[in-house]
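So, here's a batch of structures to check.
Here come two complexes built around subunit A, the first alongside subunit B, the second alongside subunit C.
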Partner chain A sequence: MAFLHERLDNGLEVIAETTESALSTSVGFFAMTGARDERDDLWGVSHFLEHMVFKGTADLSGDDINRRFDAMGASVNAFTGEEDTVYYAAVLPRQQHEAVDLLARMMRPALREEDFATEKLVILEEIRMYDDQPPFGADDRCRASFFGRHPLGRSVLGSTESIQALPVEAMRDYHRRRYAPGTVVLAASGAVDFPALVESARRLCGDWEPVPAGDRRVPGVPRAPAVGGVERIVRPAAALAYAVRMAAGPAEPDPDRYAAKLLAVVLGDSSGSRLYWALVDPGDAEQASLHHQDFLDAGLFVTQLSCDAADAESLLERMLGIYAEARNQGIDTREVTQARNKLAGRVVLGGERPRRRLFDVGLEWSHSRTYRSVADTLRIVESLTLDDVQRVLSAWAPDGPAATVLAGPGAEGETSA
Partner chain B sequence: MKQTLFSATLDNGITVLGEELSGLESVAVAFHAPAGAIHDPQGRCGLATLAGELCLRGAGDRDSRQVVEELEGAGVQWSQAVSTTHTSFSGAMVARQLPDVLPVYADILRRPRLPDDEFEGARQMVLQNLAAIEDDPGHRTMAALRRIHYPSPWGMPTEGLSADVEQLTCANVRGFLGRHLQPRGMIIAIAGRIDWQDFLDRIERLLGDWQGTTAPAVATGPRGPAMRHVPHDAQQTHIALGWSVPPYRDDASYDVTAALSILGGGPSSRLFTEVRERRGLCYSVSAGYQTHRDFAMALCYSGTTAERAQETLDVMLAEIDRLPGSISVDELERVKARARSGLVMQQESSAARAGAIARQWYHVGHVRTLASELDRYDRLDVATVEAALAALPPRDLSVVSLGREPLEVPGGVPA
Partner chain C sequence: MAFLHERLDNGLEVIAETTESALSTSVGFFAMTGARDERDDLWGVSHFLEHMVFKGTADLSGDDINRRFDAMGASVNAFTGEEDTVYYAAVLPRQQHEAVDLLARMMRPALREEDFATEKLVILEEIRMYDDQPPFGADDRCRASFFGRHPLGRSVLGSTESIQALPVEAMRDYHRRRYAPGTVVLAASGAVDFPALVESARRLCGDWEPVPAGDRRVPGVPRAPAVGGVERIVRPAAALAYAVRMAAGPAEPDPDRYAAKLLAVVLGDSSGSRLYWALVDPGDAEQASLHHQDFLDAGLFVTQLSCDAADAESLLERMLGIYAEARNQGIDTREVTQARNKLAGRVVLGGERPRRRLFDVGLEWSHSRTYRSVADTLRIVESLTLDDVQRVLSAWAPDGPAATVLAGPGAEGETSA
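== the complex of A and B ==
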């Protein structure tokens, strides 16, 4: 396994993790832009733009793009988050050139008015789809309540109103500012011909105008929620209640981020954790979990619960009691060992898939210009100790101040929010 | 591409399959017992699922917690699942952990404790899952389609029915596992960094002296109505269509799945192009293929705003009608390319390969080599795919809608 890196004259970074035994090649453009880079009048533009990138360039129609990807047998997709928009394709090695060529051209989309109008309908359907399914918007509302005016409070999809109001010119301007060398990284993993990758990048992206990247971090990240207490979303037809609770945790650059993930496995992994044995194993809850999520300048401990509506509040109390007990009475060495072995297993198995490695390597480089091999990550995980976990638990209590949203059938007298 | 496959059959009827994958550190192993939901007696829908859950709650000299701790302590990504035909226990791990882990699986299969004091927790867990499914409109739509399309009891929900699960007892579970958790018909599959002979020796030691009986075959009954509307108060209406096609073990299934891929398999497919790209009617629309050993179903799915659901259904039906006689060489070449790279990329995942070789053994009685599968895709041509489409328009179309208002099929659905 080797890591290779090249910087084009215009500042575009090209990276690859090559694996000799790999049977496939994954390539992707990592645009460092997402919901946190939007303003109120641009809410939802990053994700909408991700869709529009597949609708064609000046020379290619959307149908052309879909047909070309299918013709190379590519597994192609894209996703948009709070901080990143990622376009990727997994192909057989002989298709590397073809896949990079098409993805690179797509990074300069036509953004045609008529495509924009049709795709707007698809985005509105996507919003309705998520709104119809658990946790019925509780996750987005909870993040908004935790972060308040901080840019991370903005949901990725936008709202029906913000999408309907968005003009195509605003998207074109956003694209010009955010899809430039300095904000975009071209990454590859698996069986990669790196000289050919760099050559493709020079030819197809060499004339991209650089735009100053700017620092996206915001001073004064909240340690406590902007809106505390329990908010409710009422869905009379829901069979279960869904709770989401967010408390502060270590941010991405914090060396304690791995210990935070280990702590979340001990306390709230989907099996074999304290929450699992207390709530899921006896069948009191359908799901009761804790995970750690990190951003450039903030982190969260996210508690999720789904259960019978009548039990939601008492079970949430029990979960907080389990966190408090761990903090006051400590964690067992055996629990840490089991969680560490689970995490290590995930690192090794995930490391075998070039597609999965593309995301790990591409996002890490986009955010911090660092590279970590599977072996590097394994070493970090295996060096974590009980003390590390205890330190995170006392510094960042997952039962500390939090935003909480409860979505469900609701009690009598409550009205839909 | 070099491929190293192994197979063996133990005296007691267990089939053991293996595939060595170079370049991987992991192995994935799966034990598929012939204890699927098809054996749920009438009025006890969910028995297999509850039994599968209870198997993990103590095995051999381990209690419930020790079973999980032993697997997770070894870094195993484990899962337990009940399908129509099998109850499966699987694990993926770093290869060196395998020898320590196999005895745990052997105890789950041969010596589950099935303790009375774990029964209620297991039942509640199954009921919680059923309640969560109530909130998943896509899952409910496909479940309703299987229920009306497949001959009874093949379409019954594997996850169970709440009213039935409420009535089950621990004695029901013990009786079920006594009848169906058997070596005869069991498939064990392993893939990744394997030492085949060592693995086979260990399986022989752990499971070779396990004697069992053969469970009676399941009687197949009638099918359900051709159309069903499931009332559901939400913004979107969900649509599922199904019709009968040849099963996987029939060679014509390659032609059929190619046709379905052209209809709704990738971003350049007919349904994606016409329903989503051209008209913006939905976020998700697709066509697929689902097979049992003796019959299979072609299926189409979409979810869209209630007001636009009828138009979405109309366009989907029109695209199905338009398919015969219209397949182009380019379209078929794209299907072949997708199939080829899918097959090759599967070789990068131990879990995917362990699943694939077991599935093939169950359906066709042997493992199809990668070379033979690639060759079969190469031999697809427009004429054979068109011949497979001769059965369209489907004579036994089943239609499910889930949403506020029922939809109409123009001209009706033949009963």
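== the complex of A and C ==
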């Protein structure tokens, strides 16, 4: 296992974690841009652009791209989040050059007006479906309520209105600014020929124009929700109720990031946690969980519940009671040991796949210009103590001030929000 | 990478593929028993028994088992197929002993009468749900029609009638015969301490009573379906139609096994295949695919289609036409190269996960007492030629005699089969 790093003259960073025993190669372009980097009039452009990247370049049609990946037998995909847009492929080592070549060309898409118009309909349909499926947009709404005017309050998909109003020129300008060498990392993992990777990058991306990259962090991240109380989304046909509750937690650069994740496993892992034994095992709730989510400059403790509609509010109360009890009476060493085993197991099982390592390594480097091997992360997790968990629990109470959204069939007399 | 093997005095085989760089350990018990080893009055017992194994032993309750796995942070599960019942856990290396200990105890379940009665309701519900979801049992029905009285015609879940009629004594007897040392393999992969594994096996399974294991293969496997023509399953509320078509193909021990899989990728992979470009890409079908499935003494080419109900029969015709065209006019080198890349990529990407290797290594050993590394399998795939694929295509025409089941809303005037 080795970590390699090179910076091209135009600022593009090329990194790789190489594993001698690997039989496959994963490569990806990590664009450090997402919903948080949009303005109101660009809302949803990052995700829409991700779709457009597969529609072709000046020289290649969308069909050409699909057929070339197919011919390689590549496993290829992309995703857009609040802070990142990632394009990746997993291939046999002998196809490294071909895969990088194709992905690099895609990073300079044609953004043709007719493709833009067609794909807009696909995006609008995606927004509609998202709102139509459990939890009926409750998570996006909750994040919007927690973050208020902070850019992390923006959903990844955008709104029907913002997508409808978006002109292709705005996407072209956004692409020029946000897919510049200083904002993109080329990462690889597995069986990587690093000199060849750097050579490919020079030849294919060496002429990309640098654009100054600003600081993406925003001062004044809220520790309390912009909108408190319980908001409701009513879907008369829904079979179950879904609750999402967001309270502040440690951000990505916070040394307590992993302790926060450990605390979430103790209190609200999908099995074997306090919430599980109190609510899910006896059948009171379909699902009741807590997890920790981190961003560049903010963090969240996210509580999720699905249950019979009549029980939602009383179960939410019980969940807060379980958090408060942990805060007041503490948690015990046995619980921390079990959660540490779980977390370590996940780090290790995930870390054994080069494909999965690509994301860990690429995102970590994009966000903080640091590299951590699986063994490094494992050491951090294994060294966490009861004290660390208790400290997070008192500093960032998951039962503290929060935004809450309840989606479901609604009580009699309620109307759709 | 090393392969290790030991046979206990009572006949239990212990095998491991060890990987030096692995950070996790996967262990599993592979019981060489499944639907094909049942009699009519035991139909469904293998899968039902798999559920019962999690209900506890003489010393441990089902809850104890869950809590002990939880405490390890283990990822644990089981599955039952036509020919195998597999129980497995992925853990940190330091928990190897604990995981083997718990799994080994589970292999000697209490099979308590009250648990049996409760779990019977769960199984009956599972059968009901299976029939209620697309493709509405079409695959099981099609296999039954193809294999007729051959034991591979039996579905894994059993029928409502066979499960209702099953007495707990019959399950206890089946367990005694089919979970004997000669019928079970203990396999491990990843970071394995093999001497400790063998020591655990001796201590925990050394007193298991041997039972003579018969030959599971059955002479007279059909190359043509027991029931031909098109059978129908009518579900008036279904949105789409689903077709399943099964024709004979090479069995597991056949040297043409991998060539058959390559042929299926060329003709009917879920993307980039002949069926894909002809039917799925233009939007005529939701899904249209061909895959090859192999058993100890039989093989199948399975065609699957989902589409608008009105189009099902004409699309099935077109699929057969595509197979016939390939048979008559041949396929070309470019198609074989692309399919070989895909297949090689899947072998390699799957093979990088110790958890996934456990299944490959354990099942291969259970069925044929052979071991193949990922590199071995890769060599087989990479050496396949156009001639190999053409040979399979003429010997086992996927458009040849077949059982076909069509499930969907049905045409006017039709009634439920």
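In this text, the second predicted complex is superposed on the first by the 417 of 417 C-alpha atoms of A that agree within 3 Å, B and C clash if a C-alpha of one lies under 4 Å from a C-alpha of the other, contacts with A are read in each partner's own complex, and residues count from 1 in each chain.
The definition used in the following text is that a contact is a pair of C-beta atoms (placed from the backbone, for glycine too) under 8 Å apart; a residue touches a chain by one contact, two chains touch by 3 or more.
The structure presented is a predicted model; accordingly, all values stated were derived computationally and were not measured.
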{"item": "Fit-or-clash call for subunit B and subunit C when the two complexes are aligned on subunit A", "value": "clash"}
{"item": "First, second, both or neither for A:Ser159, with subunit B first and subunit C second", "value": "neither"}
{"item": "Contacts of A:Ser314 with subunit B and subunit C, given as first, second, both or neither", "value": "neither"}
{"item": "Which of subunit B and subunit C A:Thr333 touches, first, second, both or neither", "value": "neither"}
{"item": "Partner chain in contact with A:Ala22 - subunit B first, subunit C second, else both or neither", "value": "both"}
{"item": "Touched partner set for A:Asp132, first subunit B, second subunit C, both or neither", "value": "first"}
{"item": "Subunit B or subunit C, by number of subunit A residues touched", "value": "B"}
{"item": "Subunit B versus subunit C as contact partner of A:Ala71, first or second or both or neither", "value": "both"}
{"item": "Which of subunit B and subunit C A:Leu378 touches, first, second, both or neither", "value": "second"}
{"item": "First, second, both or neither for A:Gly272, with subunit B first and subunit C second", "value": "both"}
{"item": "Shared subunit A surface residues [contacts with subunit B and with subunit C]", "value": "19-24, 66-67, 70-75, 90-92, 95, 271-272, 337-338, 341-342, 344-346, 348-349, 352-354"}
{"item": "Residue ranges of subunit C touching subunit A (in the complex, touch as defined)", "value": "1, 19-24, 66-67, 70-75, 90-92, 95, 190, 271-272, 334, 337-346, 348-349, 351-355, 374-375, 378"}
{"item": "List of subunit A residues in touch with subunit B within their complex", "value": "19-24, 54, 62-63, 66-67, 69-76, 90-92, 95, 118-122, 124-126, 128-129, 131-134, 236-240, 271-272, 277, 280-287, 306-308, 337-338, 341-342, 344-346, 348-349, 352-354"}
{"item": "Complex contact set, residues of subunit B against subunit A", "value": "1, 22-26, 64-65, 68-69, 72-78, 92-94, 120-129, 131-132, 134-138, 232-236, 266-268, 272-273, 276-284, 303-305, 330, 333-334, 337-342, 344-345, 347-350"}
